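What follows is a pair of complexes built around chain A, which joins chain B in one and chain C in the other.
Here is the complex of A and B:
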């Protein structure tokens, strides 16, 4: 099982400058754990030390925010596109 | 009633139009509430009036008193609405505006006499918020209404937008709106859920992409304080991103119904379509969605008439939410 993860500019230096990395896993939690194991520079950035999603990070599976799905237990399937994005203000 | 004592009396009580002809699911109807009918042209008129009235009630602002200066970060609509109210009340407004907004948004701020302070476009709305906070700190004599942290923002929607939707469309099953300051979603979402806890609330976000390239680290990320303080996570049932191409496509499709609305309204309609698609066929549902403003302020972007690939490319660099 392989999914692609798109990283924001601020995290790319930790993965050798890549914008997209391919990672295996059956849930968002597994995918992120694998990602951080392969790129230790990301440690503490996406998942905080208590094992929760960093509050300033949003993670999307095919454009849906996992916080409103099953959080880290959200299942992923082959070919899913995952995006990690900093939380930003919108609002005109 | 057709005679009014003040333009401010025209804020709210906006009409809702049936857009079910665009629904991909025959058992799902879609209604659009046209906030462009507000006098300064957007849903933010409700918020601006509520913010100013709350500050006046607290005595932070005194109508007619000299040298009262307000500062506010805005990518456009809140600034324009506040500028109108401030002009009428005699307050001086400084708007911190990212450089990458449509020219018409700047022009409208100037029409109502607001002073524009530019923030870097590459930092998006976050950059405008950051700069406004810094300036407010350096100038404690300025009044910082701070729509992202001011409960008078969602309160405007709890008090007006929510009850209007409930009165006009009590069969509503889903409410779909844009996530910016989170004021609309929090205020309307809470009100509707109090009336019927089964109503689902969907938040639509624009993709941030290149607009947040200026962020230096993840801690530059920003969650509106009102979202955390007022239990935003409990009110939302779903949060989804809509791409610039879908936003433009649906902004164009809406003209089939005579709806000439802004690009964020197209994005929200795209979200409503996504919502309609995931409702099982045969299960009847009624989606209520918001058109935040009309299309006038975006004519210069060529959104309706230029080659769609070019418009999409431009839209990735412009703040339209």
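Here is the complex of A and C:
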């Protein structure tokens, strides 16, 4: 099973400058673990050290935010488009 | 330097005024190479606060896809400071997601809104000039 992962500009240097990477896996957790194993520069950027989704990124399966699904256990299907985007926030 | 068409500057300020008393926010889509804004992606402030903002991630996802379709990119973010100067706060610096982005702040503290832009990289803030330019939109409203 293979899905495409679209990375934000800020993370692309860690995957050789690619915008989209094809990865296998049955859940978001598996897919991201495989991605980080292949590109160790992403370590800690997507999944934090406690094994949870890094709170500074938002991850989508097609149009759906995995935080409102089953987080890292969210299943993925062949051909799904995964998007990783930085959380955009700030304050005065 | 950031090139910002006049009409988009107006749209940005209007969005920030509509958001009062809370901070307002949105993304800048354009050309990273030319540092030119081509359109705004207005967002609700999910934090509904006068002190902090959280951009709607769905707006970001849609903006990112539409930008790619048009050969553009999301090149930055704007937000308002309702009662402070148009300068990045420690929170803005700590949470800046991308060193290539332009961080535009609209201050509504004075009666005339102020628009300033900054680069934020590794915790360092560098102001850049905002150049108001002619709009190149061909399908905009008649003027």
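Quick note on the criterion: the second predicted complex is superposed on the first by the 88 of 92 C-alpha atoms of A that agree within 3 Å, B and C clash if a C-alpha of one lies under 4 Å from a C-alpha of the other, contacts with A are read in each partner's own complex, and residues count from 1 in each chain.
Methods note: contacts are C-beta pairs under 8 Å (C-beta built on N, C-alpha and C of every residue); 3 or more make two chains touch, one makes a residue touch a chain.
Remember, predicted model here, so these are calculated numbers, not experimental data.
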Contacts of A:1 with chain B and chain C, given as first, second, both or neither: neither
First (chain B), second (chain C), both or neither touched by A:54: first
Which superposed partner A:38 touches (first chain B, second chain C, both, neither): neither
Comparing the two partners chain B and chain C, which touches a greater set of residues in chain A: B
Contacts of A:85 with chain B and chain C, given as first, second, both or neither: both
Partner chain in contact with A:9 - chain B first, chain C second, else both or neither: both
Which of chain B and chain C A:68 touches, first, second, both or neither: first
Footprint overlap on chain A, where chain B in one structure and chain C in the other make contact: 8-10, 56, 58, 60, 63, 65, 83, 85-92
Chain A to chain C touching residues, read off their complex: 6, 8-10, 56, 58, 60, 63, 65, 83, 85-92
Chain A contact footprint on chain C (complex, rising order): 23, 25, 27, 47, 49-55, 57-58, 60-61, 64, 73, 77, 79, 81-84, 88-89, 91-92, 95-100
In the complex, chain B residues that touch chain A: 42, 44, 74-79, 124-126, 129, 147-148, 178-183, 205-206, 208, 211-213, 215-224, 233, 236-243, 264, 292-293, 321
Touching residues (chain side chain A, partner chain B) in the complex: 8-11, 45, 54-58, 60, 63-65, 67-68, 83, 85-92
